[in-house]
Each structure stands twice: as structure tokens, then as C-alpha cells.
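Going in written order, the chains are labelled A, B, C and D, and every chain counts its residues from 1.
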Amino acid sequence: MRDVAVVSFAQMPSVRHEESRNEVEMLMPVVAEAIERSGIGRKEIGFTVSGSCDYLAGVPFAFVAGLDSVGAWPPIQESHVEMDGAWALYEAWVRLQYGDIDSALVYAFGKASMGDLPKVLTLQLDPYYVAPLWPDALSMAGLQARAFLDAGHTEAEMAEVAVRSRRSAKDNPNAQVRGDETVDDLLGRPYVAAPLRAHDCAPISDGACAIVLAAGNVARDVCDRPAWITGIDHRIEAHGLGVRDLTTSASTRTAGERAGVGSKPIDVAELYAPFTHQELILRDALGLGDGVSVNPSGGALAANPFMAAGLARIGEVAQRIHRGDASRGVAHATSGPALQQNLVCVLDAEGGK
Amino acid sequence: MAGDEVLVAPNILEYPYKRTVGPIIGRFLTGLRERRIEGIRATDGRVLCPPVEYDPANGESLTEDAFVPLADTGTVTTWTWVGRPREEHPLDHPFAFALIQLDGADTGMLHAVDAGERSEMRTGMRVRAHWRDEREGAITDICCFKPEQDA
Amino acid sequence: MSDAAVEEGPVRSIRTPQHFVYQYSPGQATSRFLRGLEQGRILGQRCPQCGKVYTPPRGACASDGVPTTDEVELPGTGTVTTFCVVNVPFYGQKIEIPYVSATVLLDGADIGLFHLIQEVAADKVHMGMRVEPVWVEPADRTPSLESIKYFRPTGEPDAPFDSYKEHV
Amino acid sequence: MTERCAVIGVGQTKYESTRGDVSIAGLVREAAVRALEDAEVGWSDIDAVVIGKAPDMFEGIMMPELYLADALGAVGKPMLRVHTAGSVGGSTAIVASSLIKAGIHRRVLTVAFEKQSESDAMWALSRPVPFSPPTLAGAGGYFAPLIRAYIRRSGAPDHVGIMVGVKDRQNALRNPYAHLRIEDISFEKVAESPMLWDPIRYLETCPSSDGACAMVLGDEAAGDAATKPVAWVHATAQRSEPTMFAGRDAVNPQAGRDCAADLWAQAGITDPRRELDAAEIYVPFSWYEPMWMENLGFAPMGEGWKMTDSHATAFEGDMPINPSGGVLSSNPIGASGMIRFAEAALQVRGMAGEHQVEQKTGRAMGHAYGGGSQFFAMWVVGRNKP
């Protein structure tokens, strides 16, 4: 495969409710910053692809306005996935393999504050058997969390994930939820969807992020320490919760193996786990040991711009490689109820030949 | 001068979608209307309930001759508590969503369990379908499951 | 126990109604434009790069990908660049058919505005027709394009085709 | 360097206003199974699935690919969901082809669908947004003014739109999958049909359909191994421009012109009218045939209507456009673009049945557009390897 690297990343600080700006106004400075940092001219970028979701805004073609932030004139080569931006990055990575273009812009945005996100996510479920009962996203995660606990885990283990995320987020100016609570503090609080408490659930965020990818020598020219994508893969599982083993993530395991997670040591992992128990399931599926720094940004539990949070994980890992804080990391994104679909991306400072 | 406050207004998205269901889902829903619960036998021999049109393991089509009658009793395999029901929910007081493995089936079906208190819920508990009087051929023809004494 | 439904035929379809309430915000630039309408003013914004004037402003010059910043006020008169006569009923429609939906290029603006043309028979509306806004009474105005009831002919001579052909 | 890519199987559903006999999964599955059967492969031969559809609000299911994973045999595989408005069927096929061309997969199943009968397209596309008067009336309300501008610019006579409406419905009578099969279609019948969005008449508009289209794409080895003829992908191109900006020509968009120029350059085509056997282009309103003839470079500016008027675009003409009956005869929105791409493949494979055109150059084009005439996706396929 052709060597492709993340050469820049920009994100908007996640907030519970961005009151004044619409999606385009949120996105414009983020896209501009990613392009500026990449050192590649806006008009030189060969391909643009985005991830977003109509149902967040409650209007069809929500992604069309996003194009206004890019300056798509003269006309550009462009595509869009109705998926988290991490899958948009996958499409860009595939497109860069042709060899006729050398760079790509990937962006994603979500303004979940406009609607009732947990209820909106009910519309992802089987439209005949499940959606008519209206279980929301918290209930679907709660079913998985209970199965996880029944398999021999504890609510304290889950709370430990939240404690660590909130502490890590104190160093992250883009995070939305930070704090110094202890496990005991958190376990004293009420359930929101037993066995889930508020700390087990990612916040609802408005946010946006953008990444510029470049291939081969272009990446080397514009970036001192490119974060090379040495492996990327994604897999989907059966839709129904009843036919899956909810205590593991078979699709993450497969994607991780195919992306080569285990072939060399990992320094850092950014996992898109919107619920505490999911981080533990994902660590296991990816075979991450105790030496790996997991979600040093605070992860989705600290900032969760729906549709952009997966792409942000890739950006967070890449940024640590750019800065020299890490040599090799793994980023993960998820979609669908109870980790139905998962993407794994391995980034490595040593990737380019 | 024009004010600087951004404007906000409610945007209502509502529609009464009508879904055609095809033969497999249609048969299951017809059964519910008649207070019958059926599963479907997958290619590996497992009985799936609710019955799906395509085998999740390998994508093969499942056909009507693979239907298997099931009891309206079963076991909770996992659950979560809904302390504040939404307007759309099957019950207007606190309840559990659960995966219920009906007797004779190998997989869980998502539905509501009316157990009164969260403390009454546990994995492995026995439940029985509680039917609506006015049934129309929908998953909501079972209004909920209710706890039963252990066998 | 009622088993009244048992005798009906196989289930072929289900109804699954949905109801969601979103909080829609048009954003900063469009909000300023809409607040202006409430005061009987039509505001546009100029792109700092290409100098073109957007009405309604969308917050960005889409061709340059930069925020539009300088505000300009427009007189309100304009030219019908193109239009259609809507004669089709649909779910949720609020205007009596037939009606004329037109693209109006306001004097001083560089993109067209969609609005209604009235006080003229639908078959008399034509490209190049000069029009002006008919405002809702000041007390009844809201921050919405509905503060302009519609546009109507000014009676001026038509604008020449070349003056607006780039702006459909 | 990129790998070669071939269309080795095509599957379509019957297009109808309501496919009341199937679920959404059943509809999508019908096209997918037919594509697998045509390709003579099984579910286990498929490495990845790429699915496309237009707005989720048509069916009221958010990201329906999650629920459709089982029906499309995608469990354990990669699955991508594309959404580029009306061009999505074409864009989806292009994403699928990129997985082959990049050398990542050997066989990819690509599917596009819409089950519009679950709601109402006019509702979904014209819902009033706060602060705006509800003046628009569906896609027709947006495109009719652009058509009026085209007529004014080109000086085309009124009957050209009617001719396209007749021609595509006549072609549809040759296509067993077509939704509209109007046996007594005639110039008078179209001319006398009601004006919905003046200047667009009822019989100059597309229907609202349920339907799905699928293709199996393969790499060179898979193409070589196929026992039936395959369609080799000679060129793919995509271009986008913003919806609304000062100086935009929405009648003859630059993005469409650039996209076509890129496509012809990749395929080594200098005169598309002479170097293609057929083109399946996205014509949801009759006047878009002459408009796209100019935009794509089949005709000089202002003269696209002369191709229609001289019957050059008719089934027996020198440049048959939409021999399948086109979008005017079947329009499951999310699938409509993929149907164009798939029909182009059927023509070069010689497998278009009664609507097979004469094979001269062995090449054909598929075209899709979406949004406010701002998203374009196109491909050229050929009987021979590129």
C-alpha cells in the first residue's frame, strides 16, 4: 500500500450547547486551521470527504451546508459518508492509494444539542421489532453493561474508567467533562439507566474536527513527524443485540488484528467508548496491556461530538505522534447500538519507508 | 441596529411512517395478533426470536417453513432500568428493558418487563408475556412481560 | 378477554409514527439578517475576498470558504431572474396553489433570494420583471422572511437579460 | 498504479410506487441476490459491502445500513454507507470501485435503495424550516426555475421537453423493471398533462418509486474468471460545488462540466457522441436531457435541445440516452444514480435485453447528480479492458 499519514489535526472545543454558531460557522475555523497547519494549500488538496448525520439537525441533506466551510470553488473532488468521520478518513485513505492525488481533507461535525440525541438514536434500531418500543441509546448501552457485569465485572471497574478519563481531561482544553472525583464519589450517585450512572455515559456535545492526510514525500515535506497509517480496518456485526455476545467485541478484535495492532508495542490508545464498560470491552478486544496509555485526552467520556468523536480519536493519537509524545498508537471508532460497528487505525511515527 | 442574539425556534419532525413488512416479519406479527409467539430456525439449528429474515451468521434467507412455535414464557438474559419512562414507552411507570429468551428459543428478544421496582429485577428471572386486549399485529401487542414465580 | 382481531388476514404493514422536537438556530449571520427583517430592513454581507454580497447571508462565502463580515443594507427592489408556477399540492403545504415562486436578485446583491410574486396574475410574471417587497405591518413582523409578504411588480421597465443572466 | 475493476454482476428490483410485498431488507436483498446470481458468486465471495441511499428521513431509519448488515451478508465484513444526495447511487458505486482499484478487496457488493412509499418525498424535501416562508415545493419547485432559465438562454422550443417525456416512457416499455410503463404514451398525452411546476408538466417529471439496485464489482482476476461478459471500469469522476454562491451557474454547473472533462480525459474520449454506444444520465425532469447534453459536452452550448429534437437521443438515434427509460420512468431516489451506472454496464455487457442498443464502440456512460445540481458522479465502462 502507499504510505499515507495524518499531517494535521484541528478540533473545536466540545461544549454541551454551542449557542450562537450553526454547523458551518462551527466548522469553518476548524477546517481553516487543519489546512493551515498542514502546510498544504487549500486548492492543492486532492480530495475532500466528510462524515455527518441528517438526524442530528432533523433536516435532510445536513451535510450539504458543511461544504460551504471548505471553499469548494473551483469544484472539488468530494464525497460524504453518513457515518462517523473516521469512516470518511477510511474513504480518503483508500482514495489516496490510486497515486493521482497526494493529499485529502477529512472533516466531521455534529451539533447534537439541537435534538434529543438518546431518543434520536432509537431510529438506528430494527424498525419493525425494536424501534416501536423506543429503547433509547442509554437503555441499549445499559443492556450491554448488565451483560458485562454478569460476566464477572464490577461497577467499580466501570467507575475507575470514568475517574481516569475525567482526570486526563484536566489537561485537555477541548474537553467538556473534567474532574477529580473518586470511585467512591461516583458510586454514591444515582443510576440513569441502571447499571449505568451518569459518569458511565459520554456527555452530549457540539463539536467538529478536521484532519489532513498526505501521501509519501508530500507528508514528509510538510510534516516533521508524520503519523503514518500503518493499518486501518473496520468490521460490522449482526444488528440484533439478542444474537450477539455483548460482553466482547468480535468486530473490534478482527479489525485490530487486520490493522496489525499487536505486531509491535503500542504507546497510546484512543478508544471511542461512549460508555465506561465499552472501554473495558475494547481494551480486551484489542489486547491492550497495562502499559498502554488509554484515552489520555479523556476520550469520549470527556468530549463526545457525535459523528466527529471517532475521527477525533485518530486526530488525538496523531497529534501525540506529531509532538513526539508517542511513537505508535491505535485509534478506534464505533457506530451503532452496543458497539455494532468498529474501526481500528494504527498510527506509527516509523511507518513511512 | 439589529440585535446580536441568535435566533432559536422549535423545528418539529414528525411523520406517521407506514412500513410494509414482508412475509417473515408479517407472519410473526400476525401470530402476535393471535397471541402466538414464534421463532425461526437458523441454518445452524439455533431458534431465533424475534424471527429474522436473514441468518445473521451467514446471510442465508430463512423461510416460513423454518418457523417454530414458542411459549410466551422465558428468561431475562440482561436488563436495564428505565426510571423515567418517555411518552413513547410501552409503560407509563418505571420498568425494565430486557432481553428475554423465550422458552424454546436460543436468542433474546428485546421487550419491556413490568417488575414494579428495580430491586425486583435480576438476570435469570422468569417472565411471561402480558398481552394487550386490542391487538393490531405489532411488537406492542405484547404490552410487556411480567415476573413469574420460578419454576 | 378480547380476541376480536384474530379473524383478520395476515399482517402486511405497520404504522410507526415519529415525533421529534429540535431547536433550530440559523446561526449568527442569518440571525442578524432575520432581525433586520423584523425592523423592515434587508441586510446582506460582503465577502472580504471576492467582494460579492450575500443576501440572505449564510455566514460564509461558499466559494472562498471564509466568513463574510462587512454588513450592507439593500434597498429591497430587485429583478425576477427566474421563477416557476407551483400547481402541485403536497403534505404540509401552506400556500394556496397556483402560486409563483421566484428567484429575486435584489439590487446590490450577488445571489438570488427565493420568494413569492403576487399582486400580478401568475401568467403575467416573467423573467426580468422589476419587483419590490410588500412588508407585513410593523407590529406583526417577526424575524423571518415571512415579514415580507411577497414581492410585487414595481411597474418599471424590465431589466435587460444580460444584466441578470448570470444570477439564476 | 491502480488495479483494474470490472462489473461482474448487476441486480435490480422491479420498481413500483409501493413494494408492499417486502420489508426494506427484503427490497435491498432482492437486488443484491440478483447481482450475486448474475456474477455467479455467493455471499462468502464478497469481501465488503458499500451501500448508498438518499436522506434517512424518507424511511425514518437513521443509518439503516446498521439494520441491513444481516440482510446484505455483511456480518464480519467492512461496510460503508455513502450519502451524497441524489448523486449517491453513482458516488456509492465509485467508492466501491475505489476499494477494488486501490487493491484492498477482490469482490465488493454495492447496493443503493430507496423505499419512498414509507413516507412522502414531497414532505421530506419541503418541510418548512423555521424563519423561512414555505415557498419551495419539492424538487420540482427548485428545478423548474432553472429549466425556465435554460429555455430562455437556449431559445429551445417548448416541445423538446415533451419529446423527452415521450421518448423515455417509450424506452421504459422495453424494460421489465421500469416503474412507469405507459402503453399509450404519446406526444399529446404528455402535452396535455397538468402543469405542476410551470414549465414542468406532470408527465415530464419522475415518479416516486420503491426499489434497489446492486452490483458486484471485481478485480482483474475476478473479471477474467467470470463466465459472462463483464463491464470494465474505464474512468470514474466526482465533482462538487457549494449550493449557493455569488456567480454560480446553477443551470450549467461548473462541477458537471469539470467532472465530465475529467471523465473523458481519463477514458481517452474526445468526442463522446461518437465514442459511446449509450449514456444513462440522470434526468428527473425532461428538460434535463438537453441541459446535460450541453453540460457533459455531447452538444455545443445552446444546442443540446437539437439532439432531442432531431431524435439523436432516441433508442434508434446515433446517441441513445436512457434506453432503460431513465429516471423519468423509475425513481427510487437513492438508487437512481446506481441504476444509471448499472444500466451502462448492462449495455456494454450486451445484457440489456429488449433495451439493448447496437454495440459499436463497446463503451457506455453512467451519470448521476444531486443537491442543487452541485454533486456529480460519473463513470465510463467498456466491453474491453481499459
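Observations on the structure shown:
The definition used in the following text is that contacts are C-beta pairs under 8 Å (C-beta built on N, C-alpha and C of every residue); 3 or more make two chains touch, one makes a residue touch a chain.
Model, not experiment: these values are computed from the prediction.
Shared contact partners of subunit B and subunit C comprise A, D.
Counting C-beta pairs in contact, the chain pair with the largest number is A-D. Across the assembly, the mean Cα position most removed from that of subunit C is the one of B. Distance between chain centres (mean CA atoms), subunit A to subunit D: 33 Å. Inter-chain spacing, taken between the CA centroids of subunit C and subunit D, is 29 Å. Our note on geometry: subunit B versus subunit D, Cα centroid distance of 38 Å, whole angstroms.
Residue positions 20, 23-24, 57, 59-60, 70, 74-75, 120, 123, 127, 129-131, 242-243, 245 of subunit D are each in touch with at least two other chains. In subunit A, the residues that touch at least two other chains are 19-21, 58-59, 65, 67-68, 72-73, 114, 119-120, 123, 127-128, 131-132, 238-240. For subunit B, residues that reach two or more other chains under the stated contact definition are 6-7, 9-11, 13, 15, 17-21, 25, 29, 52, 56-57, 138. Contact residues of subunit A toward subunit D in the complex are 1, 48, 53-55, 59-61, 63-65, 67-68, 72-83, 87, 90-91, 94-95, 97-99, 120-121, 123-128, 131, 233-240, 250-251, 254, 335-337, 340-341.
On the subunit C side of its complex with subunit D, the touching residues are 12-13, 16, 18, 24, 26, 30, 34, 47, 50, 52-54, 58, 61-63, 81-88, 90-95, 98-99, 101-103, 110-111, 114-116, 122, 127, 143-146, 161, 165-166, 168.
Remark: subunit B residues 2-21, 26-27, 29-30, 33-35, 133-138 touch subunit C in the complex.
Remark: subunit A residues 19-25, 28, 31-32, 42, 57-58, 65, 67-73, 113-116, 119-120, 123, 127-128, 131-132 touch subunit C in the complex. Taken together, the subunit C residues at the contact with subunit B in this complex read 1-6, 8, 10-28, 30-36, 39, 41, 43, 143.
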